Amino acid sequence: MGKQRATGAHLDPSFASDNVSGISPEVLEAISAANTGAALPYGADPVSAELTDWAKAEFGPAAEIYPVFNGTGANVVALQGLLPRWGAAICSAQAHINNDEGAAPERVGAMKLLPRPTSDGRLRPEDITEELGVQGFVHAAQPLAVSLTQSTELGTLYAPEQLSALAKTAHAHGLAVHIDGSRIANAAAALNTSIGDLVAGTGADVLSLGGTKNGALAAEAVVVINPERVSGLGYIRKFSMQLASKQRFVAAQLLALFGTETWRRNAECANAQAQKLGEQLAALEGVSVSGQTQVNAVFPELPVQMAQRIQARYLAHIWNTASSGNPVLRLMCSWQTTDEQIQQLVNTAAGA
Amino acid sequence: MGKQRATGAHLDPSFASDNVSGISPEVLEAISAANTGAALPYGADPVSAELTDWAKAEFGPAAEIYPVFNGTGANVVALQGLLPRWGAAICSAQAHINNDEGAAPERVGAMKLLPRPTSDGRLRPEDITEELGVQGFVHAAQPLAVSLTQSTELGTLYAPEQLSALAKTAHAHGLAVHIDGSRIANAAAALNTSIGDLVAGTGADVLSLGGTKNGALAAEAVVVINPERVSGLGYIRKFSMQLASKQRFVAAQLLALFGTETWRRNAECANAQAQKLGEQLAALEGVSVSGQTQVNAVFPELPVQMAQRIQARYLAHIWNTASSGNPVLRLMCSWQTTDEQIQQLVNTAAGA
Amino acid sequence: MGKQRATGAHLDPSFASDNVSGISPEVLEAISAANTGAALPYGADPVSAELTDWAKAEFGPAAEIYPVFNGTGANVVALQGLLPRWGAAICSAQAHINNDEGAAPERVGAMKLLPRPTSDGRLRPEDITEELGVQGFVHAAQPLAVSLTQSTELGTLYAPEQLSALAKTAHAHGLAVHIDGSRIANAAAALNTSIGDLVAGTGADVLSLGGTKNGALAAEAVVVINPERVSGLGYIRKFSMQLASKQRFVAAQLLALFGTETWRRNAECANAQAQKLGEQLAALEGVSVSGQTQVNAVFPELPVQMAQRIQARYLAHIWNTASSGNPVLRLMCSWQTTDEQIQQLVNTAAGA
Amino acid sequence: MGKQRATGAHLDPSFASDNVSGISPEVLEAISAANTGAALPYGADPVSAELTDWAKAEFGPAAEIYPVFNGTGANVVALQGLLPRWGAAICSAQAHINNDEGAAPERVGAMKLLPRPTSDGRLRPEDITEELGVQGFVHAAQPLAVSLTQSTELGTLYAPEQLSALAKTAHAHGLAVHIDGSRIANAAAALNTSIGDLVAGTGADVLSLGGTKNGALAAEAVVVINPERVSGLGYIRKFSMQLASKQRFVAAQLLALFGTETWRRNAECANAQAQKLGEQLAALEGVSVSGQTQVNAVFPELPVQMAQRIQARYLAHIWNTASSGNPVLRLMCSWQTTDEQIQQLVNTAAGA
């Protein structure tokens, strides 16, 4: 059986995704603080300038930052900047760009994705080298970038040395490296490092920096770490419909999170709550939690009736069916997940 | 000489556009009010449901509303919903979609625009009929929609009967009608009518409803008035990267403006201030204001030195050069424009 | 190891593909016969009319035929006619549209492909049903067509009842059925049926009818069997740059093949020669021929040195590496392959 | 009144276009001569190599040539090679790419065209400079190429010094120069020069070399004169579905025309016949021929009844309506137009 998608406005959304969360108070305050009369539009304002200063401090003096509205926008703008008309991007078969962006890469960016099956959402260097046989062959879309997600869509993490190995392999064969960092904050928090060290320090060329799941209203950015590999991002962002006229308010959201330690505090909370949720579920009879809970996603395999109890109350996606025949759910925690919410879900699962 | 675009972060932005304005207080309050813990993403939340109720009340029971991030997004999503792969949209040569969207209609929507020169930004029924000779001719992009801007990029207004005549002509020949309503609030306020009466009442099929210039942070919407002419908008919005995960906060902005009379108050303020600015500039020696100031844009033709004085202090676009050889500036007022700001600009112009 | 692509202008091309063949004499005569002074361009000529008559006789009275230049053109025009902007096509991972068309489906058609791994190039009904979980889910490209190749890129054949089962499954779930018939002649000859019976008779909606590999200079066509599932093909063919001004000469090629029994004779020759080649290679020590040689492709697994001997003289693609570690070559026969050519290749392989 | 397009399979096609002509005998012979058994596909054959040699001799040692199927294909492949994702091409409003390619530039190439009204189909240097105000402005598609047609869609010619002036202006501002040479043979013949001197000698970067109207079955090519301005053409041609598998037969057609003096003889014939037709029509009462007949198109303004007599028998497009109210027809001659055909049309016009 393939994937199934749950819907249902009457259900409790608390664990459906980390984007069910609201706006972190610091973000709301920053929006309000930036609301001081007239300001130049489209990024020529002082708040956007401050964001650029932050990016250079975090990712290196050559870095550039292009705020956008959402994660799909960040990914597709970034990949268009990396790929010529004939380019393709290697990604995991489970990648968000491959499954959950309505084919925006193909439709807006006219690019081909080269999805690689993975067991855990993580690409390995062989996933790059095995696609290189077609280099120079005009009949095949040319693999000129690799896009990896940190933390992955399966709730796993690349270790920094894994990222470095991938970047080294990619660069050795002329491919650029893009990181879909929709949850880069969760990754950096879990690895107890800075985002700059995790991304620029391991050789990535471009990052989709995710703010929304970390507590923003709607704020992401394309961060260019290596401008030599990227072309025309200013134009691309505009025609990709991701340039905000009142950009100061997008920049303010990003600064509220990443210009302070708010991003880390929010991510650590989400990760810790997921850890807690995983442990409490695993303590129930018949439940096992697939893999380690490395960041903020939990994938419990549960008896059918337990899954049904959860799905009767909560919006919860069946991720797949385990070899046992039992369903595996995906449950996500966010910066806003409370102990009470976890207790309630565990009680529901237990039929208590 | 063609158009020139001004830039300059050191300049006073107050009259550069209506998008230099901040967030209207009611909007900020609504965002805050919607920030109440977990909610379903992607529009399955109660605030989005309330927005849909508003749209049906305003535009008719068949109406649908799709919140998006910005005006370019609204226009290109709307036009993709109206046009098959072989369709083209008739618009004025001065249309925002033709000049100021980085070719997003062509690049994201793969559509051709059929621009018509106009003297005042307004299309006439002949602009439609004169493009119809190619209907059924496979060598030509098929004119299957007309896109008009209300109020126009030249600060003019279509009278309701002009809109009705255009819609009647379009529909008689199988074309759909799209209104770029980036400033529909200014138009409805100036015409002392409701947005619903102005748009649905005159026969439009789809509206790009503009919230940002009216006081939102970043909130627009595609309003479908006649669903029979539109296909796949939910999918199109997604792959066009205009679907907000935390959509409740976009919906809240739109409700704060359009679910109350805030939109009208804000638009009336912008229009009135532009009227005032036009009158005060026209009182200066050597200045004439092109056309009537119908909404919130003023196009004064000024002596070269006066224009230079203004441009030394303000970000102000030279719109064109009058037959006299004197420059024509475009100055915009917003819901936030104050009497003091107007006085200051007029003083600057006068060299006082 | 992934696929490797051979090149080399100094090598004998005879078995590199069936497109190394020249023009079948009947085709050249037909081109010459159509060369009779002025004729209306773009298909309004009598030869094109005759081709349409043939298509209706072969595929049913509702059938339409759109001649195009090449197979990629036929496939991408056909799929654009079947899919709305949000549609995706299920295909095998080995499909030509997925690997060998330079991402034309994605770039020209802005569509997503949903490739399914197969062991033998053939889709099964489960390949359709397993992709249906995302129907109606705006985040995923919508599977609205299935594209299958007959005969397949792996030299296998769908039995007519397999095609019928796929079409039935597809139609039951609202998907249209496209057949990439680049080698439909080889398939129909091998199955001893007519093309009409094989395609229209098993429920396909649209066929890419391949003439070039069967002996044309450059002539393929999109055949619409079920016009209710297709929109705007005339426009799509034009903007996809596949409409010949002097279309009579493309139509004449197709009529020379398919309006007579030339297609069958040419295909039977190619199939029989492949059968012979496979048998003679299999008789060599250490060689096994993967699968049955059903049409005109042979996939021999050979000792490394034998493969090297062949590749030193012939352009021959390594298709993959067998579990034994030995290479598998792809060798193709055409309507023009002679017994002498086969003998020479077998001698080369044998080191004789 | 706008343009009207004539159709009608029952009408005499002789003067409808120059693409109504058949295949020049030398071309048919060359196809036959190239039909010598197996040859490498996709341009790795000896005939294609010979075509490359010709191109280097004609256009300079750096030149590259990419055979394609038709003129739309040549133009859209060429422009994609010149323009990044954010680029736009300046062209005349009457350009074939703007009116007669089904919006292939926009749909396949995702580019914007910047059409300039002209009185005679010819761009002037000001048409370039007046579009430059938006350079660097992210809201506007960036004018990075100019595309001009020689001879033009209005039957006029650029003098070599006019081409040089345009190329000089374009290059001075960073724009590349593309020539749509669908009728470059007619132009070079009329100007009594070589194609190389006319194109490379005046500074063009890329040429769409037109063979079909000059007597080919279906053969055009993208000629790259200045490879430094072009990227990825091999890939672009492939995904634009313009790469012939049996390319030797396309190359053979081009060599038969351009590798000999056949192109000139054919073009001179077409031009001379048009001259004759224009003179004979102008001798009729009430007829005037717009402009000079410079190449092979004649635009006679005729009394309504005379136009009706012609249109009752011939497929003839009404090009526009003269200020007198009389229709202007477009009549085209080709390499195959005979004196008898001219006499017959003139007799028909005269009502004789």
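Chains: A, B, C and D, in written order; residue numbering restarts at 1 for each.
One rule holds in what follows: contacts are C-beta pairs under 8 Å (C-beta built on N, C-alpha and C of every residue); 3 or more make two chains touch, one makes a residue touch a chain.
Predicted, not measured: the structure shown is a model, and the values here were computed from it.
Looking at which of A-B and B-D shares more C-beta pairs in contact, the answer is the pair A-B.
Farthest chain from chain D (centres taken as the mean of C-alpha atoms): A.
Here the spacing of chain A and chain D, counted between their Cα centres, is 49 Å. The mean-CA centres of chain A and chain B are about 33 angstrom from one another, to the nearest whole unit.
Centroids of chain B and chain D (each the mean of its C-alpha atoms) stand 40 Å apart. Shared interface positions of chain B, i.e. residues touching 2 or more other chains, are given as 85-86, 101-103, 107, 110, 138-139, 141, 235, 238-239, 243. If you check the complex, the residues on chain B that touch chain D are 1-5, 85-86, 88, 99-103, 106-107, 110-112, 130-134, 137-141. Residues 7, 9, 11-14, 16-17, 19-23, 28, 31-32, 34-41, 44-45, 49, 69-73, 76, 101-104, 107-108, 212-213, 217-218, 235, 238-246, 249-250, 315, 334, 336 of chain A touch chain B in their complex.
Note for the complex: chain D touches chain A at residues 42, 80, 84-86, 110, 138-139, 141-142, 231-232, 234-239, 243.
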